[in-house]
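Here subunit A shows up in two complexes: once beside subunit B, once beside subunit C.
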Partner chain A sequence: MSAALEISGLSVRYGRSTVVREVSFSVAEGESYALVGESGSGKSTILRAVVGMARDISGTIRLSGEALEGPRGRGFARHCQMVFQDPYASLHPRRTVDAALSEPLVIHGIGTRADRADRVIEMMRAVGLDERFRFRFPHQMSGGQRQRVAIARALMLDPKLLLLDEPTSALDVSVQAEILNLLVRLREERGLTYVLVTHALPVVGFMCDRLGVLRKGRMVEEAEAGQLREGRFSDPYAQELYRFSLGAGERQGQAG
Partner chain B sequence: MTEPLLSVKNLRVEFPGPRGPVEVVRGVSFDLGRERLGIVGESGSGKSLTARALLRLIPPPARVRQEALRFDGMDLAAMSERQMRRVRGARISMVMQDPKFSLNPVMTIGSQIAEALRVHGTLPRGQIRARVIEMLTQVRIHDPEHVMGLYPHEVSGGMGQRVMIAMMLIPEPDILIADEPTSALDVSVQAQVLDLIETMIARNGMGLILISHDLKLVARYCDRVLVMYRGEVVEALEAGRLDAAAHPYTRGLLESVPRMNETRRLLPVLDRAWDTEGRGT
Partner chain C sequence: MARLHLWLTDDAPASRWQAQAGQAFRVARSFARSPLAMLGALIILVLVVTALFAPWLAPYSPVGQNLGERLLPPSWAHWMGTDELGRDILSRVIHGTRITLLIVVMVALISAPIGLVIGAVAGYFGGWTDRVLMAITDVFLSLPKLIMALAFVAALGAGLQNAIIAIAVTSWPAYARIARAETLTFRNSEFISAVTLQGASSLRVISLHVIPLCMSSTIIRVTLDMAGIILTAAGLGFLGLGAQPPLPEWGAMISRGRSFILDQWWVATMPGFAIIVVSLGFCFLGDGLRDVLDPRQREGR
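Right, the complex of A and B next:
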């Protein structure tokens, strides 16, 4: 069986600067894979390259064995969707939840009006949104609710692969847990494959099987989640990142 | 007993709303000496407004009321705007979240820091440059003369924040308020910036108010922590004794954060059942 996502020798340039250099990794079907690194490491750019938002690329990107080239078509949208960091920016401010969730179905000509309404309600339930939010606008909801809408929108076409770009870093810690739990549950229920981009290593330990550490556009190490939990990295930069993450969150007892 | 450096009693901030005034800070009281105090809460808990109210930086139509707001023997609430300007920056200064928005984009870093000195200080002109260089060195900028000539967009977020700290500390204030000073920064830089604040506070014998949504981070850098929820302080804790937290909100906050060696299949979600006034998330 071919991998859900296979990237080999991917380089991405923005103008004259190369932001991703020769990155290769593959994500098995049903797996949850994390790309971690600091800002400027190229982690988000890799996701943008997958969905066709980065133009100047070389290398190959295969989705379930099929090489992706040129503009992404409708088939791609049904197979792969992306959730962005800030739902306030990624949801249309003047569209209700109902409109945002129905739109993918309308574009793909799925179902009658009544079918679509049923699917919207069903999906809202699946992401834990009460039906009374159906005709609200983004500004009438909290950050956590908006991110639920963004996740629901991504799932409307029943994709297999979900690209998650820092899905909880714009949220309060108290709300983060709800969204992380939701993502874990949805993956189980729907057999989804995740590629998660984040700078928060504890989040990776919670919801991913494997991770790739990026630095200045290069993949410096790939590791199992177990290695991450114990801090067993072989690359010095990966070790450093691990130590810093402990320092910011829960450096215990030592120094200072 | 001597009077604390800063004393806040029953601070209230309200905004006019379509259905009458909404109170967003609801009776906050605390004393601050030359120590490090953390204020933790989620967005909307009133932590940043509390900090701004201390500097009287909340413009109308918001209304700020308090029983007492005293700093170093002075009544801040009764001061004129002119007197207040001599406190802001010079005696109590503030570092905000994102250096991109708090630095002046069309002024070089050197002249911005020098401005802080010129406005508040009495230092002769000739010595200003030397003092700026000294300050930049203190915040661990290795090539201060070069950095002085740069504009804010030419430096990284971490360096921008160090410049902010330099600017805020150069008039030698008594209290530094840091409002989410590192949430716009990468983890590797966060620790550096917080360590720097810690060192500078200790060296100058200042008071610190560190505001964040990250309870563990605040506990690491402070002596005491106030936990705010919906405009009220629901719990005050010794930083070393987070495990002694009794309020369900604080406990939920501690539990709901994923840990590095995470093995839980699902995270406990903050149960707001105790919050009888209710609020959806």
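Right, the complex of A and C next:
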């Protein structure tokens, strides 16, 4: 079986500076993989390269064995979706929840009007949103509720691979845990593959099987979640990163 | 009434329609708090009603001449006096609202969509598309409006229709600029990326996501520009290039009254007064709309 996502020798350039250098990793079907690093390490850029938002790239990206090139089409949209970091920026300010959630179905010509309404309600339930939020505008909701909408929107097309770009870092601590629990539950229910970008190691320990540590655009170490819990890293930078988030990691581990 | 209010302010609307109505209600409520905006809206309302019912409101015919009653000063029989052909000026001003409204509405309907689409396309695609479209826009922007309108009317021939076309051609570049600037502020934002990721075509993104967000600033600008449009139309009328006699166009009426402005001041003053009042009305309305629609003031609500 081919990997859900396989990246080999990926380099991304923004103008004259190279942001990602020769990064290779692969994520198995059903796995949850984390890309960890401080800001500016190129971790979000890798996701942007996968979805075709970064233009100047070299190397290959394979999605279930198929190499991705050029603009991503509709087939890609049904296979892979992304949840963005900032729920305040990722929802259109003038569209209701209903409009945001039914749009992917309309674009792909799925179902009749009534079908789409059913699917919207069903998905809202799945992400723990009450039905009365259906016709609200983003400004009438909290950050956590917005992020639930964003997750629901990403799942409307039933993708196999979900790219999560720091899905909780813009949220309050109490809401973060809720969203993380939701993501864990959704993965179990739907058999999703996750690629999670984060700078918080506790989040990785809570919901990922493997992780890759990035520094200045290079992958310095790949590790299993078990290694992370015990803090067994071989690379000095990865150890440093672990030490800095140690206290938080233990607390999160008990909570999870 | 109380139930309607509850329905509009429901925080869990039951349908798309109720959500939109509730949104409109909130905008209308904050609009009603500004007295100047309400004054503007009132003036425009009066203008529209007058235009609709002009034949019933006007005491005399706007074109019927009566040489026995030439150049009469304002009196109870002729509230605004009569002009050099004995026509009642009040009736002409009332009928003139139709022409003014026609010009304003037609120009807005022609130029705003053109500007909006060009600006949104330029801003969304960027690169060469942007450069070419904005170069064209700049060429139009670089010439004074009235001069360019004059040139167009001179080429197309005098008349109301051509005046409308000429004014529309000269006023879209401003809207294109605004729409482009607005588009640039959110073209790289995540909600646009998200919908692109769902496989939406550029056409869909521009028409359903980009343009609705540029709409409010364009509406504001169009409303504020209406005063300018009226003045340009009056200017063309004054120069004899707009509406042709005997149409009671306000600019043309001022131009007729110019010859005896010192002895019979009312002939030129009354239509001028109408122009000022209506222009002011549009300015107030535009200011009020800006206060309620401007996204920069809606942030965080």
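Simple rule for what comes next: the second predicted complex is superposed on the first by the 246 of 256 C-alpha atoms of A that agree within 3 Å, B and C clash if a C-alpha of one lies under 4 Å from a C-alpha of the other, contacts with A are read in each partner's own complex, and residues count from 1 in each chain.
Note that a residue touches a chain if its C-beta (ideal position, glycine included) is under 8 Å from a C-beta of that chain, and two chains touch if they have at least 3 such contacts.
In this text the structure is predicted, and so the values were computed from the model without any measurement.
Once the two complexes are overlaid through subunit A, subunit B and subunit C fit side by side, free of any clash as defined at the top of the document. Contacts of A:Gly15 after superposition on the shared chain: neither subunit B nor subunit C is touched.
Contacts of A:Met53 after superposition: subunit C is touched, whereas subunit B is not reached. Once the two complexes are overlaid on the shared chain, A:Leu91 sits against subunit C while remaining clear of subunit B.
With both structures placed on the common chain, the touch criterion links A:Glu103 to subunit C but leaves subunit B unconnected. Rounded to the nearest 10, the superposed model shows the Cα centres of subunit B and subunit C diverging by 80 degrees about the centre of subunit A. Looking at the shared chain after the overlay, A:Gly70 reaches neither subunit B nor subunit C. By the touch criterion stated above, A:His139 is placed in contact with subunit C alone, subunit B being left untouched. Using the contact criterion defined above for the overlaid structures, shared-chain residue A:Met82 touches subunit C, although it does not reach subunit B. Closest approach of subunit B to subunit C, taken over C-alpha atoms in the A-based superposition, is 11 Å. Taken in their complex, subunit A has these residues touching subunit B: 38-39, 142-145, 172-178, 180-181, 184-185, 199-203, 205-206, 228-231, 240-242, 244-251, 256. Contact residues of subunit A toward subunit C in the complex are 51, 53, 72-74, 76-78, 81-82, 84-86, 89-94, 96, 98-99, 103-104, 107-108, 132-133, 135-137, 139-140, 150, 153-154, 156-157. In the complex of the two chains, the subunit C residues touching subunit A come out as 11-16, 18-19, 23, 189-191, 193-195, 197-200, 204, 209, 212-213, 295, 298, 300-301. Per the touch definition, subunit B reaches subunit A in the complex via residues 42-43, 157, 182, 186-188, 190-191, 195, 198, 213-217, 220-221, 252-253, 256-270, 280-281.
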